[in-house]
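Below: a set of structures, written as structure tokens.
In the two assemblies presented below, chain A is common to both, partnered first by chain B and then by chain C.
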Partner chain A sequence: MRLWMLIIASVILSFISLFVGAIDIRPSDLLDWGSDETQIFLISRVPRLLAIIMAGAGMSIAGLIMQSLSRNKFVSPTTAGTLDAAKLGIILSMLFFTNATYIQQIIFCFIFTLIGTLVFMQILDRIKFKDAIFVPLIGIMYGNILSAITTFLGYEANILQNISSWLMGSFTLVISGRYELLYVSIPAIILAYLYANKFTVAGMGEDFAKNLGLSYRFVLNLGLTLVAIISTSVVLTVGVIPFLGLIVPNIVSLYLGDNLRKTIPHTMILGIVFLLICDIAGRIIIHPYEIPVNITVAVIGSVIFLTMLFRGRAYAK
Partner chain B sequence: MIEIKELTKRFGKKNVVDKVSLEIQPRAITSIIGPNGAGKSTLLSMVSRLLDADTGEVLLDQRTVKKWKSEEFAKRVSILKQSNYTNVRITVRDLISFGRYPYSKGRLTEEDKKHVEQAIDYMNLHDLQDQFIDELSGGQRQRAFIAMVIAQDTDYVLLDEPLNNLDMKHSVQIMKILRKLVDELGKTVVIVLHDINFASVYSDRIIALKNGKLVKNGPTKEIINSESLREIYDMHIPVQEQNGCRICVYFNSHA
Partner chain C sequence: MRSNQTKIIFLAVLAIICMLLYGFYDIKGGFDYAFPRRVIKIAAMVVTGIAISYSTVVFQTITHNRILTPSVMGMDSMYEVVQTLIYFFAGSMSIWVVNRYLNFGAAIIAMVLFALILYRFLFRTNKYPIYLLLLIGMILGTLLGSFVTFLQVLIDPVEYLSLQTRLFASFTNVKAELLYIAMGILLIAFIYGFQIMSKLDVMSLGRENAINLGINYDRMVMNILILSSVLIATSTALVGPITFLGLIVANLSYQYLATYKHSTLILGASLISVIALVGGQFLAEHIFELRTTISVIINFVGGIYFIYLLLKESRSAG
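After this line comes the complex of A and B, so read on.
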């Protein structure tokens, strides 16, 4: 696949995304600056598109970094407990830091996600049996434990239903003023690109990296920090979007390899295209109602993931 | 010049490397041999600063390795461990370019590109340069990694069992290349070997370890004889001359 094809696809899909929804908006309506359609366009559709673009690019890059640093194709924010740690962080900050400002809560949540991811990397360091499938299984179990704590806390505080609706990945509630936190993923992605070579070298293993004089620990910690920043901002604004960080980098790796300097642009744009398709599908299928994007992503994603498992086991090793 | 002084590494209560002192002779192939668990790989890892020593020190040009900046050290000494990097999909050319990382941090200058080109020429990898390393055979992959080390352009090249999993043809090929690195490019090669006959035929000097201790250190011909080998391996190993090479015939030996 060529990069320009992906870019054209993302532009076309972006355009469609702007004009699909419960209320019919035509490009010609936008000529009238004061019309309701223009207002909806500016308050809902444009922010929604921006949120999809940033979340799609961000989650894919986060997955790519995790796969590179853990040297395992099946490790991603979904399969390493990162998203579950972010969820738990949100609940904890809501329950115990009720007086804290929004920014403080975000920072707490970010630190919690970072620690959650570090714990998984520590587990990965300690286990001897590093099978391609076994490692993500541990990650999923670890994520479920975190998730169980979240559920327990939610049950105790009687906010279980609220939690599941807030944290369900969906762009329905994205309107101007409620998605701006996602902008922090842009510098994170830029940093990831600037450090692409270092991530690739670190992905070859600690000994390999040290031989070339790379400070392995620093690169590892930087990578996990970027993953935590992106994951936190996405979970806080649109909720949990599963599989994205798993599937997109793997597809790109299949045709382009693992040199991050080459794959980051592709991974980013393909992530956007994939998420746009899922979100548009969710808006069309039961129009004028909507299916949350995490469901369309999970359905389409799990089919692709299973295909990858069956066909690509040899490749993933 | 690399000097090793009283180097010791403990894992648990066991001294895996026990007060080893020696000097590496420049512009020569030095083979490290010894039974399993003798501490060969551990020694090599400490010399190349992949592993910290418990006591003792390694000096490169009279300066202890710990004081060297990691990227400066990477311009002088390179190390290839037993390669398990097979699941990473990067092209041969990209891999070789990483050898220039200590110089350019990944943004290749004209000078770097020249070195990469030379390394590809030297290892005859033109046909393979755009292939992913996970699609190569063991011998090809080992050649690609050695090309990376050539691009890294270090005086010292350390290799940990580079012949692992290679068939005879490719083993010979790799050893001939290492010989050329010393004879043509003036490198210093230190190599951990399991097969004493490759050590005997290709190396200038041999270091023998046993239970973490240095038992022999000298020119190859002083070490490849039944008497010394008994001391190292605790078995009788007849040595025969064949076309000027000393071959150890240990296959049907009685202890």
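After this line comes the complex of A and C, so read on.
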């Protein structure tokens, strides 16, 4: 697949996304600047498209970084407890820092997510038996433990339905004024591109990386920080979007190999295309209502992941 | 080293102490009112504990491993799917919810079907290594789980509360008549179980050896699979899903009793799960005064134990 094909696909899908929804908007309506349609277009449709683009690109890149740092194709924010740590961070800050400002709460969530991911990387270091299947297994279990704590707290405070409805990934509630936090993922993606080669080297192990003159700790921590920034901003604004960081980088690596410099643009655009397709499908299937995007992503994503597991075992090793 | 008989007696005494503590501790507002209610709860916990341990041990024997359990392979999610679908399409006032027998029957049939499909496509082919099966089970769980979440968000909040009490294992809303059916199923399972205990011991030697020794292996596997899913379905329908209980108690029992005799293993695992459930519920309810159901705590402890087991197994494998 060529990059320009992906870009054309994403442009077409973006255009469709702008004009699909509960209210029928035609391009000709936009000529009248004062009309309701134009207002809706500017307040809801454009921010929604921007949010999808940033979340899709961000989550895919986050997965790619984690996969090259751990040198395991099946490590991603979904399979390493990162998203569960972000969820737990949010509920903790809701319960215990009610008086803190919004910014303080965001910073708390971010630090919590970072620590959650670091803990998993520590566990990974201790494992001698680094089978491609075994590592995500531990990661998923680790995520389960974190979400058991989240459920426990939600049950005690009686806000379980709040959490489950509001943390499920959905772009329905994205309007201008509620998604701007996502912009922090743009510098994160740029940094990821600049450091791409170093992530690959760091993935080869601490000794090897140091031999090549790389400050291993710094690169590792930078990578995990970028992952935490992207994950926190996405979970806080649109909720949990599973599997995106897992499957998109894997599909790209199937046809393009593992040179990060080359694969980052593809991964980014393919992530956007995938998320756009899922979101548009969610808006069309039960029009004028909407299926939250994390359902379509989880259903399509888990099916793709299962196929990868059944057929691609030789490739994963 | 103590003999297994002493160990079983020790566990039984511990289980009885837990039951007495739970039954009589701090009874207020009329003995006649509170005591029968507590007895029902204890009975429910005992039935659940035995059903889960029994099904887990036999399931692990036919799949030749100590990590996979019916719950971990997604049976719990299947239960949630059935219940949520019923609430979603029929509503909490429909006959499928109000009539406990119907509700119970629907859940059991769906779960048995699910287990048969799992076995046919995953275990019988013998093609997939165990960690892969585990990962597949978990991803299936995610798939079913996200489907459930989607329906739950659409459900009216009042109906959701009613659904929530069904989906989180809770011994406070056990219905007596449902308990009697569960006891009946357990009794039938045990009568059947007595005949197959020694066959199970032979089957743990592996497929080829067992067939050599005159076991109709494939038919036995089918029977045990149905038995195991009926038991899990029973306990899940009775008190809701408790994913990791079977895993913890089966492994503790292998470790503590160090035997291959299924009669001893199942007895030991059942006693351990009674201790865990009744003792755990006692601590949560009376000592820590939590509102949380015991399942959340067991899933938390069980998750940690599971990682420990995986790491231990991987060391011996790698």
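Basically, the second predicted complex is superposed on the first by the 317 of 317 C-alpha atoms of A that agree within 3 Å, B and C clash if a C-alpha of one lies under 4 Å from a C-alpha of the other, contacts with A are read in each partner's own complex, and residues count from 1 in each chain.
Quick note on the criterion: a residue touches a chain if its C-beta (ideal position, glycine included) is under 8 Å from a C-beta of that chain, and two chains touch if they have at least 3 such contacts.
Quick caveat: nothing in here was measured; it's all calculated off a predicted structure.
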**When chain B and chain C are modelled together on chain A, clash or fit** = fit
**Prompt:** If you stack the two complexes on chain A, which partner ends up touching A:P242: first (chain B), second (chain C), both, or neither?
**Reply:** second
**Request:** Report for A:L212: first if it touches chain B alone, second if chain C alone, otherwise both or neither.
**Result:** first
**Message:** Looking at A:F134 after the superposition, I want to know if it touches chain B, chain C, both of them or none. Which is it: first, second, both, neither?
**Reply:** second
**Prompt:** Once the shared chain is lined up, is A:R71 touching chain B (first), chain C (second), both, or neither of them?
**Reply:** first
**Prompt:** Looking at chain A, does chain B or chain C touch a larger number of its residues?
**Reply:** C
**Asked** Taking the superposition as given, does A:N259 touch the first partner, chain B, the second, chain C, both, or neither?
**Response** first
**Item:** Touched partner set for A:M204, first chain B, second chain C, both or neither
**Value:** first
**Item:** Inter-chain angle, chain B to chain C through the CA centre of chain A, in degrees rounded to a multiple of 10
**Value:** 90
**Request:** Enter the shortest inter-chain Cα distance between chain B and chain C once the structures share a common frame, rounded to whole Å.
**Result:** 15
**Message:** After overlaying the two complexes on chain A, where does the chain B footprint on chain A coincide with the chain C footprint?
**Reply:** none
**Asked** So in the complex, which bits of chain A are touching chain B?
**Response** 71, 73, 132, 196-198, 200-201, 203-205, 207-208, 210-215, 253, 257-259, 261, 316-317
**Message:** Applying the document's contact rule, which stretches of chain B touch chain A when the two form their complex?
**Reply:** 48-50, 69-75, 78-81, 84-85, 87-91, 94, 98-99, 101-102, 105-106, 132, 152
**Touch list for chain A against partner chain C, complex** = 123, 126-129, 131, 133-134, 136-138, 140-142, 144-145, 148-149, 151-152, 155-156, 160-161, 164-165, 168, 242, 291-292, 294-295, 298-299, 302-303, 305-306, 309, 313
**Item:** Parts of chain C lying in touch with chain A, wherever the complex brings them together
**Value:** 129, 131-132, 134-136, 138-140, 142-143, 146-147, 149-150, 152-153, 157, 160-161, 164, 168, 290-293, 296-297, 299-300, 303-304, 306-307, 310-311, 314-315, 317-318
